[in-house]
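Chain lettering (A, B and C) follows the sequence in which the chains are written, and residue indices restart at 1 in each chain.
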Amino acid sequence: MSAKPVFMTYTKGDVVNFVVLMALAFLVIPSIVETDYWYTSILIPWLCLALAAIGQQIVMGYTGQLSLGAAGFMAAGAFACFNFILRVPDIPFFVALGLSGLVAAGFGILFGLPSLRVRGIYLMVATLASQFFIIWMIDKFGWFKNYDTSGIITAQDIVIFGHAFTSPMEMFFVVVVVVTVLTLLAMNMARGSTGRNWMAVRDMDIAAESMGISLLRTKLQAFAISAFYCGVAGALFAFTYLKSLEPVAFDIKLSFEILFMVILGGLGTINGAFIGAAFILLFPVVLNSVGNNLFHGAIDATIISSIEQVVFGVLIIVFMIYEPLGMAKLWDNIKQRFLRSRSLRNEVPRDHKGLSKQES
Amino acid sequence: MQAERSFPIGAPILELSNISLSFGGVRAITGTSFKVLQHEIRAIIGPNGAGKSSMLNCINGIYKPQEGTVAFKGQVLEKINPNFIARKGISRTFQNLALFKRMSVLDNILVGRRLHMNANFLEVAFQLPKARREEKENREKSEEIVEFLEIEDIRDTAVGKLPYGLQKKVELGRALATEAEVLLLDEPMAGMNVEEKREMCRFILKVNDELGTTMVLIEHDMGVVMDISDSVVVLDYGKVIADGPPEDVRSNQNVIDAYLGVAHD
Amino acid sequence: MTEFLFFIEVLVGGLLAGTMYSLVALGFVLIYKASSTFNFAQGAMVFFAVLAFVGLMELGLSFPLAFIATIFLMFLVGLGTERLVLEPLMNQSEDTLLMATIGLGFVLEGLAQAAWGVEVRRLDLGIGDFPIPWIVDNLGLFISALDLTAGAVATVMIVGLALLFKYTKMGLGLRAVADDPGAASSIGIPLKNIMLMVWTAAGIVALIAGMMWGARAGVQFALVDLALKALPVLIIGGFSSIPGAIVGGLIIGATEKILEVYVGPFFGGAIEGWAPYVLAIFFLLYRPEGLFGEKIIRRV
């Protein structure tokens, strides 16, 4: 039996399961989901935000560095992608995407530097600097926006091998491929020596250092990889979901949302990033439709968004008190209970068979 | 006692010269010098607050002494940080347990294998042959340590959930995993019962005998110290008050005074 | 000469505006001193308090009555926080508590908006946000009456709180609790009551800070973002120092104004948005414990 007493660790089996799941999504979803709404409003933003949340997990959940700058790195990635496609003729989309991630990673290293001296809320304030600085920079220097005066620029079409991926379903395919590959790599890092180094730094930095782990390299590596994920996620988010680029879309509110995704989803887990992103994205949708259908619009939209805020806040407190490992842990508990009850049911008859065989 | 050792005690491997350390205005160590010989088990004893742990922290680079030098294999350690010193071949355990609490026992020990794993993050992410090979090799090595310490049944448990005695054992395991030439053990038997202490002694002696690892250990239990150490250095108020084989130290008047609390002048 | 006068004007304006940051930071420091908790929700408390105050006035309560009612409300917030958030999270790590207070901040912001709506409200304290003629005539400086009032209020509050800490029984108990909660409660200091008082005090500070901010910028959600600037203030001053909150506020206020006026134009302006944070980073690299904080020695 592959019991996993430390539920945050991943095995090869988990990686295989994930790939199977994503392949199924790739094959099955197009045949059952026909309305564009599901692609454009749910599936695409969910996967993009989950990818950003994985970035946040790497730096915060795995390496224990409190960061509140995810949206800034996403903006860096999004605008970098726009400019690469704009200024480098015939650049393949995936190359542009990868380079955008690298640009964001550069910012990640720069603003991760304070982590060498400070932690906790101090570090959080330092990462706020990146959030505000990056958005300001994009806003103030026209070059990043190709001197567009309207403030909102349209993202280019995604062209891969001459084919423009413009329909929602096509864009969904692009997103699924990128998110699958990057999640796979993240899982490999998390379960390998890279992830162990991160977690060692998170759990007890002095001991980690005494085992020959360089705090400098490990922390900056985590910041860089985290920002890379956020950068790619930001570019995907802009090109497939927003379809436009405006710095405001990446303001501090989005950074908070991504922070909430990992806290509620479960710190230090990859699947927590997906669960948390789904919750933060879907809860308002559900709340809105409840508001519209049950009360026929009698409740003001601003009140609904206020309720949403209260619920997120309450949930964070409740999870901190009762289950700091978040929804991923709840999900794991349910799974374990299900497995256990099933294996119990299976075991009893098997024993009987064994006995009866011996007797006969 | 030990008629023949597979690794006879050799030349000095660690030389501490004239170490002084203070925090703010408080002196923890004052001009202390002593040597540790290769392959020996060296005990540091002394009353509470004598500067024993600070001494280990100076050797391992966590504290930076204001004066004095630490030489390892005849060379003065030029950089004073734990990472650099770990790479030189000195590993340790901590007085108040410094384990990675949310990681499993096996993963803790695997972190101890850090310096034997060189694959970079890209090789790990893409699971290239090098990363896969070294992961497999080091996992096997770690499993061996788990077996050696007889903690197979808890290998997958999160360390934070284990009782104190077991955590001490895991920490020893993590230090062993480094295969360092010198192990600094800060009260490896604190809080253990007689049975557990005896077991721990067995492990320490076995490692010393089979691998020739030099040990520097801080211990309060005099019985244990007398039993397993080759030589003892006694600290009091940050100064060396006696240094020599256990039987000499035991009968040293300064040591007796320090432990019985004769007034200092 | 006018150049120089203009510089003085910018500097004084910045310093006075900085006292507004100090007011927010002060609430932070109170709670940190008493319980070593970074209360991320302090900014939300500012918003919550002043919105409630304005809302109650709209309902017809007089100024003093609304003031007292809001203080009572902040007492309830403190009580709720103490019982429902802090008590269950006792002995948890600093990071856990910080995240919980981020949650608390969202709860307060959401509740405030659900109760009073989201439109921007004007708050008239009867103090104009325009230059005082006397100063303009005699010194040639344009200094706002509101800034001056905020500066005076901040000074009074700091002196008051410092005296409270130093000379009252509550202050003594508070210092004891801050030093060692376990030991303090074992000698009969009522831990819970002290925490409650501290949270209420932080609530009152939040209300006053909110009134100052609200009078200048309107009572609106943007106050929460402004309050975020208390964080760099705290980093510069040190989280546990009342004078630090003031000096930090002055430094941030003055620097961001001077940078905005003299350096901003070269970069298209609006560098106020990030300058305080970058300044805080430099402080972190140079002096992580802040100007007035105690040096942290990590023991192993």
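Criterion: contacts are C-beta pairs under 8 Å (C-beta built on N, C-alpha and C of every residue); 3 or more make two chains touch, one makes a residue touch a chain.
Remember, predicted model here, so these are calculated numbers, not experimental data.
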| item | value |
| --- | --- |
| Greatest separation from chain B - chain, by CA centre | C |
| Chain closest to the middle, measuring from C-alpha centroids that were averaged per chain | A |
| Interchain centroid distance [CA atoms averaged], chain A/chain B, Å | 41 |
| Distance between the centres, which are taken as Cα means, of chain C and chain A, whole angstrom | 33 |
| Euclidean distance of C-alpha centroids - chain B vs chain C, Å | 48 |
| Residues of chain B whose C-beta touches two or more other chains | 62, 94, 98 |
| Touching two or more other chains - residue numbers and ranges from chain C | 300 |
| Per-residue multi-chain contacts in chain A, two or more chains | 206 |
| In the complex with chain A, residue positions of chain B that touch it | 60, 62, 81-83, 85-87, 91-92, 94, 98-104, 107, 110-112, 114-115, 117, 119, 121, 124-127, 131, 134-135, 138, 156-158, 174, 178 |
| Residue ranges of chain C in contact with chain A within the complex | 38, 40, 84-85, 88-89, 92, 94-96, 98-100, 102-111, 113-114, 117-118, 225, 228, 231-232, 235, 267-271, 273-274, 277-278, 280-281, 284-285, 288, 298, 300 |
| Complex contacts: residues of chain A adjacent to chain B | 3-6, 8-9, 185-186, 188-189, 192-194, 196-197, 199-200, 202-204, 206-215, 221, 225, 268 |
| Chain C-touching residues of chain A, taken from the complex the two chains share | 64, 66, 113-114, 117-118, 120-122, 124-126, 128-129, 132-133, 136, 139-141, 206, 252, 256, 259, 263, 302-303, 305-317, 320-321, 324 |
